[in-house]
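Input: a single structure, listed below in structure tokens.
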Amino acid sequence: MPETDTYGDTLLCRDLAAYTLRLGDDALVLAQRLCEWITHAPTVEEDLALSNIALDLLGQARVLYAQSGRHDGTGRDEDDLAYGREPSEFRNVLLVELPKGDFADLIARQLVWTHHCLLLHTALRGAADPELAALAERAVEETRYHRSHADRWVACLAHGTPQSKRRLQAALDRVWPYTDELFEADALVRRLAEHGAVASPTTLRESWEREMTTVLAQAGLRMPTVTGHQCGGRRGAHTATFGDLVAELREVRCAHPGGTW
Amino acid sequence: MPETDTYGDTLLCRDLAAYTLRLGDDALVLAQRLCEWITHAPTVEEDLALSNIALDLLGQARVLYAQSGRHDGTGRDEDDLAYGREPSEFRNVLLVELPKGDFADLIARQLVWTHHCLLLHTALRGAADPELAALAERAVEETRYHRSHADRWVACLAHGTPQSKRRLQAALDRVWPYTDELFEADALVRRLAEHGAVASPTTLRESWEREMTTVLAQAGLRMPTVTGHQCGGRRGAHTATFGDLVAELREVRCAHPGGTW
Amino acid sequence: MVAVHTAEPGAPGELAERFEAVVAAEQRVEPRDWMPDAYRATLIRQIAQHAHSEIIGMQPEGNWLTRAPSLRRKAILLAKAQDEAGHGLYLYAAAETLGVDRAELTEKLISGRQKYSSIFNYPTLTFADVGVIGWLVDGAAICNQVPLCRCSYGPYARAMVRICKEESFHQRQGFELLMTLMRGTEAQQRMVQDAVDRWWWPSLMMFGPPDDDSPNTAQSMAWRIKRHTNDELRQRFVDMTLPQAQHLGVTLPDPELSWNEARGSWDFGEPDWSELQRVIKGQGPCNTQRIDRRRAAHEQGTWVREAAAAYASKRATAGKQATASKEKESDV
Amino acid sequence: MVAVHTAEPGAPGELAERFEAVVAAEQRVEPRDWMPDAYRATLIRQIAQHAHSEIIGMQPEGNWLTRAPSLRRKAILLAKAQDEAGHGLYLYAAAETLGVDRAELTEKLISGRQKYSSIFNYPTLTFADVGVIGWLVDGAAICNQVPLCRCSYGPYARAMVRICKEESFHQRQGFELLMTLMRGTEAQQRMVQDAVDRWWWPSLMMFGPPDDDSPNTAQSMAWRIKRHTNDELRQRFVDMTLPQAQHLGVTLPDPELSWNEARGSWDFGEPDWSELQRVIKGQGPCNTQRIDRRRAAHEQGTWVREAAAAYASKRATAGKQATASKEKESDV
């Protein structure tokens, strides 16, 4: 394997650090958006379900940050990574940072996200890096529940009332331009995928599109047509409200430099 | 004047520092709330008017903070005072920190606030401290415009549509429990008023109540009945959203410790 | 069964005697058992207020979920929010065993006709408040609730067993947060002291008015719903909390606090009962905000709940039709 | 007068000749003068777009009003917001002299039928963006706008004189903010460089597509609305900005930038025109948010504007009645 020579351990470590940071940022930022729903959900049961999902995501983020900090050799811990970076240093996809919106926006995002996530983690169970594989193993179980939560609400809103169907369709239309970025294969992902270290986004995309087609067809919803895809999160070009999200995340810590928590 | 002896210059300075800090906090916090309206007002003209008023208040806050920092001998400048204190160290009345609400809430607050403010600054023009008197002189001019802005909108909403009248009345009802605190005479204000250093809140209150009776009668609005007055701002016991207001105020500065601006 | 549930004062003396005997023997009254109307009404009011308190009680800390200063603290807060939502649900379920409808209880909460604990009408101004709520507010709640695990009404007693276990976990986590902050910077220590100053008196008031101003206590104790008077519980809380405060290194804002050797207990000052009355009457610093937020969430969620109801009824109809057509098939 | 305003292509040749002569002689066309329909339409489109840009342009910085890191910076930002609202109002007034209604223009903005400058579809992610917007975006706007002070249409030209004066003030303040940040911590310097990296190319695109892809330029120049081509203005902006960037100590993200001794100008790379097309078509990072926010403000303000209209009409009626009764009195 001549590639292994040119790729080398150091480069692999650096790439794995960057990759786990991306996944960690995805999980943390989405958890942050879900937190905004708690005490604002349509039912207490839903407050409970959303705090449950947010807690799972937060747990994933913590493990991923720990891995990233170990791989990049800086020894940064989970809080260094979560609280010590500027907004432009975050590497999450734009989808997870989109503002709270209404309940249909929440469900539309959860639908596209959880289906993608389950496919990704299922594939990552076979990752060469044992820590990443172990994380994926656990995440698959959790994400299965998150996905069924989203699927149930999609069915419910789609078959509920004309208003709920209309709102869900509108939310799907709003969210869809941000789905392309989930499967973006930049140099980092291509390098890792070529060496079998992570799943190939192209394969994921096909499965995901199949699943979406099925879910939407069953729900009697239209597949949104997108004219302009949005991306940029993976290189730190975030949306307008992302600075506020990060500021809120860091608010208390910033107000007490040198504090212990 | 035997009181002067027991009061003494040091005590007077300390009291003036505390007093100007209160007024400065009132002005800054209200300016901050008005800033939240800009680009969200019902017309561009109103965006303009509100930024104008906010700018006047901010100017007053800056002068008052400078005076406070000189009087208390700490040499703190306007930014030390605005950005360097915890929420519980702010001494503004609760009225100015109430959340944004709708346009009727804005106008209801502006009505009670500007009438109070014009009376206060008119009286403070006669303050013994020349700096405070000069600030009041300028503030009277500015507040006259702010008051007429509020009066015009009260007339407009009261005589506009049934909806606007209903909304304004509801907003007045919401705001009224916070008006009592404007005239609260605690030990500090009593000491200063006894020495003729500031206006007596009791006198202000009578004039203010007369003005409110007239304005509301002309507008065909009901004087709200209040069962429970809210206070605590002058001793640092603020309302639920005040921590967020201060956090937003300090957000950028906190994110860059040691920065220059 | 309906007759049993709506039993009037003139109900057979035998039922009333059996009820009294069960209660006196420290056995449990269960949903299907006959019970006096006043007993039922008292329990409904108390359990609903308790459930509402769990739900409204998510708000003061909810603001800090997005702001928690470490990922570990964020996880702890999220888990606590989850527990509180769960407690609310158990308690609503316990109330429903008494023949009330949850939608009706929610309606009464957001229209202000049913109360929740007044403690949640105070604002959480800094992150130290999160710790102090865990330490003092959950601490006081535990003093109140542990005896409820032996409440004569079975479903309520069983719900309390589970809730108390989780509450004491929250209390320990709150205390641990405060210990951490007190080891931090001077500003952090000041923040803790400031929070303690604001929450101490409201926490004492969580036990309700003084005994001589609490007319319902005797009946509730006779029914074995309540086990101790308000003042007994308050004293227990003070005695439990004082050593913890010393350990933390904070001052409680009561100059009258002193150890009473004779009583083997701490003497303490009189809370401002007029403030409690104001807050109960809806004039606390946050009454309006708390209810407005609950109402807004409820109203904004209306279309979602309507959709869920419509979907459920469509599925039920579809299910029936499927069953019907199956039955038909088997007929054939 | 109505006939003049709606003059058709078949209008008397004399009017057309007079118009051409006025424009050729560098005199001003005024609202009551006859003008070709296409001239009027071009101006309406351009002035409306310019007015909308001022209003939408308040948003990217508006978020920072509450967050400005010193009271002086807050005052500067507030004054700038005030100027922008004012500019919007002059420009809407200038458009109205051409016979359009402001409510109609607002409607066209929030329904997406009229555009605003694409630059405002990029997010402001840090406070350094505020400085960079002042320096680059207002700088580019000035390059575009200074020649408009000599525009053939009088009301537009006069509005631009006042606007340009204030814009150049904003530009200096933006530059001064960046100078201050560059004297600050390393993190502040990185923040400035990051903002420059994000805003450089979009600023270059503010001058519109390259000349060979800008079919309307020739007509606009003949009418003395436009004075320079897009590429000329872009070059002027680059030449003006380069020394300032060096003075600041930031790197512009274009490896092809180099001094061309022969031309006495800077050579620079080609912007990604497909990106400009995407943003113009509404697919920029913030198009939806900007319009949604404007629409939300407009819709939430509907009841206020309705009240204002009702009040004005009541007063007008009352005024007429008062006049009428006075007239009656004087009749008597």
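Here the chain labels run A, B, C and D in written order, and each chain numbers its own residues starting at 1.
FYI, a contact is a pair of C-beta atoms (placed from the backbone, for glycine too) under 8 Å apart; a residue touches a chain by one contact, two chains touch by 3 or more.
In UniProt terms the chains read A, B = Ring-1,2-phenylacetyl-CoA epoxidase subunit PaaC; C, D = Ring-1,2-phenylacetyl-CoA epoxidase subunit PaaA.
Not measured: the values here are computed from a predicted model.
Enquirer: Determine the set of chains touching subunit C that also touch subunit D.
Expert: A, B
Enquirer: Between A-C and B-C, which chain pair shares more contacting C-beta pairs?
Expert: A-C
Enquirer: What whole-Å value do you get for the distance between subunit A and subunit B if each is reduced to the mean of its CA atoms?
Expert: 45
Enquirer: Which integer distance in Å separates the CA centroid of subunit A from that of subunit D?
Expert: The mean C-alpha positions of subunit A and subunit D differ by 38 Å.
Enquirer: State, to the nearest whole Å, the distance from the C-alpha centre of subunit B to the C-alpha centre of subunit C.
Expert: So the centroids are 38 Å from each other.
Enquirer: Which residues belonging to subunit C are in contact with no fewer than two other chains?
Expert: 67, 187, 191
Enquirer: Note the residues in subunit B that touch 2 or more other chains, in rising order.
Expert: 86, 247-248, 251
Enquirer: Considering only which chains touch which, how would you classify the arrangement: line, ring, star, complete or other?
Expert: It is other, because the touches fit no line, ring, star or complete pattern.
Enquirer: Could you list each pair of chains that touch, in label order?
Expert: Contacting pairs: A-B, A-C, A-D, B-C, B-D.
Enquirer: What part of subunit A is in contact with subunit B in the complex they form?
Expert: 86, 247-248, 250-251, 254-255, 257
Enquirer: Using the touch definition up top, name the residues of subunit C that touch subunit A in the complex.
Expert: 55, 58-59, 62, 64-75, 78-79, 81-82, 85-86, 88-89, 92, 127, 180-181, 183-185, 187-188, 191, 293, 296-298, 300-311, 314
Enquirer: If we count contacts the way the header does, which residues on subunit A are in touch with subunit C in the complex?
Expert: 28, 31-32, 35-36, 38-48, 51-52, 54-55, 58-59, 61-62, 65, 78-79, 82-83, 102-103, 155-157, 159-161, 163-164, 167, 248-249, 251-253, 256, 258-261
Enquirer: Spell out the part of subunit B that touches subunit C in their complex, as residue ranges.
Expert: 86-88, 174, 177, 227-230, 232, 237-244, 247
Enquirer: Considering only the defined contacts, which subunit D positions touch subunit A in the complex?
Expert: Residues of subunit D touching subunit A: 60, 63, 67, 123-126, 187, 190-191, 194, 198, 278, 281-283, 285-286, 288-289.
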